[in-house]
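Input: structures, listed below.
In the two complexes below, chain A is the common chain; its partner is chain B in one and chain C in the other.
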Partner chain A sequence: MQLQVNDLHASYSANTPILKGVNMTADPGQVTIIVGPNGCGKSTLLRCIARLHRPERGTVMLDSENVWKIKPRQAAHRLSLLPQSPMAPEGMTVANLVQFGRHPHQGLFQQWSDQDQQAVTEALELTHLADLAHRRLDQLSGGQRQRCWLAMTLAQQTPLMLLDEPTSMLDLGHQVEVLNLVRKIASAGDRAFVIVLHDLIAAAQYADQLVTMRDGEIVCSGAPKEILTPELIRELYDVDVRILTSPDNQTPIIVAKQEQLV
Partner chain B sequence: MRVLSLVLSSFLIIGLLCLCSMLIGAGDTSISDAWGYLCGDSSLRSDDNLDMVLRTLRWPRTVAALVVGAAMGIAGALLQTVTRNPLADTGLLGINSGAAMGVVIGITYLNVSTALGYLLWALGGTLLGTSLVLVVATTGKAGVTPLRLILAGLGIGSTFHGITAMILLSNQTSYDEYRFWVLGSLAGVNLTIVLQMLWVILPGIMLAILLIRSLSALILGDDVAQSLGHQPGKIRIWATLAVTLLTGACVALAGPITFLGLLSPHVARSFTGHRIGRLLTFSGLFGMIILLSADILCRIVVKPFETPVSVMIAMAGAPLLIWIVLSNRMLTLSHREMR
Partner chain C sequence: MTQAMLQTKLGYQQDWLIKCGPVRLRVPRRVVGVNVLLLSLLAMVILCSLLLGEFPITVGQVVGALFGKADRAHLILVNDIRLPRVITGLITGFGLGLAGTMIQTLARNRLATPEVLGINEGATLAIIVAITISSSQLFGVWWVAPVGSALTAALLILLGGGRVGSQGYRLLIIGLGLTALLRSLNELIISRQNLMHASALYSWSLGSLATGNETVNLPVSVGLLVMLPVCLLCSRWLNLMRFEEEIAIPLGLPSRGSRLLVVCCVVVVAGLSVGAAGPIAFVALAAPILASRLIGPAHVPMLTSAWTGCVLVLAADTLGRLIAYPHELPVGVVCSVLGGPFLLWVVLRQPAGR
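So, the complex of A and B:
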């Protein structure tokens, strides 16, 4: 399923537009990462796609369907969201949480089905949590917990997955753990991932498609290797950088230039 | 297994309390006479006075305590979940003040003096209050958030409170009647009315049961609930309606019994954790236990007089709540951030 955002305008109050005509696409099997300076509107864009913030103008299309025109439950079959700071009550186990992902597939009187069980097992295996299924969330590390939330959204089995800052507040090890996992799941299936990340360096390393934003507009988008230039980063963040190449997989590495002190 | 044994022991305690409630009174009927009557002793059965005390005073009162206790417990649990506020009580949504205003208007301008009259006016006031709260909370773009719900409730509640005070200040007789009603008591309830109120309370409980799934998603936060296909705003509206039905009927029956709706979900939560279905069940069961025990205590402490039951709940309940907090059994609603 392809995501297509057309001429999207959004704001929180009448005089301060946040998005000023955004166009972007995301393809199945690919990781699309949206980056940009603080306040550029990247989170708002994600919220408009996730049906959490109603845009003023423009459309969010999944193939030929407008996500803002379908019923909430139907929408939950097509897209799932991992919000920025999810909350879980004390005492909840990993399995408890992941089972919530099946809510859109269950009716009021519909019992837990084999299909539900299978989806949960699959999500737990994909995220390497099968052994921890009965542990309590509050006993896990930050990275493990973030994997649990990812498992919940995976269990929802939607073709479009939206992640809002999935690695903020995680240390380097856990960051790599979560992003590697997303990479792996994306290349294995035909899910489309759209991720908002403030960490440009990680974004450059993990994205198939990088979407760069500034002041509510898309600056440019494409494969990180092709679009990332010191000029672009100067335009986005007002800093001077050098772009190196990773010896492992030739992805760009961004390093801020040291100020000359002498 | 643990849950099942907890349910069974709750029922056992409720059974015992019902028995005590039938045996113990503020008057001079002895416990052994009451016991004999219950066992079917033919000479005691024909005692008119005893028959009156047990059949028309204690039995309706016991039934009313069970109904009101369960309904207030469930309503409190719903309200705390939906507003994400562990301090939420039925007073918070302007429900009690709506009922009070209804009753005062009835007493002052329409000379209402029957129990059924009080009840209808209280129910009317409650419905008016909640509808206004919902209208205020739903206007605007942001939808029904916990904060809007609470602020609207506080605002409408204070307005109603003011109107009530204004009417009462200008009218001495209304004040006397109101003062009796507002303390909240189960004494003198009539079985027919209790059963009639079930027509309001049962739909409220049904609604609560239907909301269990959505409410449990709501505790993961509005964003997650919404991306799972739920509609947080609508859930809050339905839950508010359920709370109104439940408390409206209780306030009408027994006056505003404060603190019960706050206390019993906290007691329940220390046993049930995060599962909403269990939380509602145990809040109902503990509500019954707390109210019935309090009502029995009311009859004993200042014998031959009675203490209003809401006073008793506050006096006995506060130490209980403090114990829960101190013993770390308190599972908060304000969950930690989980990342």
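So, the complex of A and C:
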């Protein structure tokens, strides 16, 4: 399923536009990562795609369907969202939470199918949570809890997955683990990932397509190797950087230039 | 890891899966167990309520009277005096338990109950006004209660900026203000009545089963029976509403429509309860919390909360009839007395920062 965002305008109050005509696409089997300075509108863009914030103008198309025109339940079959720092109701266990990912696939009289069972089991195994399934969420570490939420969105089995800073709470080991998992799922199947990320090094390493934003507009987008230049970073973040290349796979590594203090 | 092991860990084996054609119901054993226990407890409380009182009567005589095989005095005592009161208690408790669990879930706040938000007090005002204007009897005008609760809810939503939920705190504060305002209006109207009228109205405005009788019980229970399937239809949405919008909407919650329907259910159900027995405090707060503790965090308790409400109201009423014998305390007073400590427990039990 291809995501196509056309000329998207959005704002929270009348005189302060957050998105000023955003165009982007995300293809199945690919990881699209959105980067940009704080307040550039990347989270709002994700909210508009996930039907949380109604855009003023423009369309969000999944293949030929406008996500704002389909029924909530149908939309939940097509896209899932992992928001920033989500909270679970008190006392829930890992298994309780992950099963909620199956909610849109169930009904009043279809409460549990073999596919539900399979999807939950698979999500728990992919995120290495099977051994913790019976544990209460409030007894887990921040990193483990983040993996539970990821498992819930995975269990939803949607062709489009939106992740809002999925690694911000994680240490380096778990960051790598989560992003490797995303990479693996994306290249294995036909799911499209759209991820908002702060970490430029990780973004350059894991993205098939990098989308850069500033002040509610897309600055440029493309493969990280092709678009990342010191000039672009200067334009985005107002800092001077050097771009090195990783000895492993020649992906760009961005480091800030040491400032002259005298 | 094998499939079987995982199933144990996930707790599927504690759930019964009922397959019948396209219908697949997943019934947690814990919920079934809790409901069986609650219903047995309820049966005991009903029996106590029929047995205990000014005139002692045996279990055999009660059962006999219920089946129409007893002498005249016992028939009148059980079927005409005590049974209608028990039924009023049951429908009131049922309604408050159900409305309480729905509005608490919607507002994502345990303290958001029909009585705190002013919905009960609005229903009370409607009844008091109707009685004073038409000088009809207390049980003639039960149907204005849902109208009053609906008007109050509309006012609440209007003052809250047109939205319900997602800002539980703001709604609570506005509700507290509304409750105080409506309560003072009620008291003002009552204070303008002659002494006898005022005393009856006042005791009713605290919540009392003493006025329970068939002319109210029948239409109110029919109303609740009509609302029950609608409320149960909402239970899937309510399960999602416990999460923030960022989780609930991508999982398929129709945010506006679902909220509106839940509010309507709460308004009608709570209004009907008040119409039957006045604004009984504490039940709508306590029943959902107790029920939720009993069945665990996987689901929002609906029927469980309703049965808990029944048990609480009837137990409190029976207590109120016995504790100050030969006088009786209105059930609302007993509930308020028990509700204070319970509220403190709820607030103090919550870990700081949540």
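As a convention for this text, the second predicted complex is superposed on the first by the 259 of 262 C-alpha atoms of A that agree within 3 Å, B and C clash if a C-alpha of one lies under 4 Å from a C-alpha of the other, contacts with A are read in each partner's own complex, and residues count from 1 in each chain.
The working rule: contacts are C-beta pairs under 8 Å (C-beta built on N, C-alpha and C of every residue); 3 or more make two chains touch, one makes a residue touch a chain.
Everything numeric in this text was worked out from a predicted model, so none of it was measured.
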Superposition on chain A - do chain B and chain C clash or fit: clash
Which of chain B and chain C A:L170 touches, first, second, both or neither: first
Partner chain in contact with A:Q156 - chain B first, chain C second, else both or neither: both
Which superposed partner A:P247 touches (first chain B, second chain C, both, neither): neither
Touching partner for A:Q110 - first (chain B), second (chain C), both, neither: second
Partner chain(s) touched by A:A95 [first = chain B, second = chain C, both, neither]: second
First (chain B), second (chain C), both or neither touched by A:P83: both
On chain A, the residue positions that both chain B and chain C contact, one per complex: 50-52, 72-73, 75-77, 79-81, 83, 86-92, 96, 100-101, 103-104, 106, 108, 156, 162
Residue ranges of chain A in contact with chain C within the complex: 50-52, 71-73, 75-77, 79-81, 83, 86-93, 95-96, 99-101, 103-104, 106-113, 117, 120-121, 124-125, 130-131, 133-134, 156, 162
Chain B contact footprint on chain A (complex, rising order): 50-52, 72-77, 79-81, 83, 85-92, 96-97, 100-101, 103-104, 106, 108, 137-138, 142, 145-146, 149, 153, 156, 162, 169-170
Chain A contact footprint on chain C (complex, rising order): 1, 3, 6, 9-12, 15, 17, 22-26, 233, 236, 239-240, 242-247, 249-255, 296-298, 354
Residue numbers on chain B that touch chain A, as the complex places them: 210, 213, 216-217, 219-221, 223-224, 226-231, 273-274, 331-333, 335-339
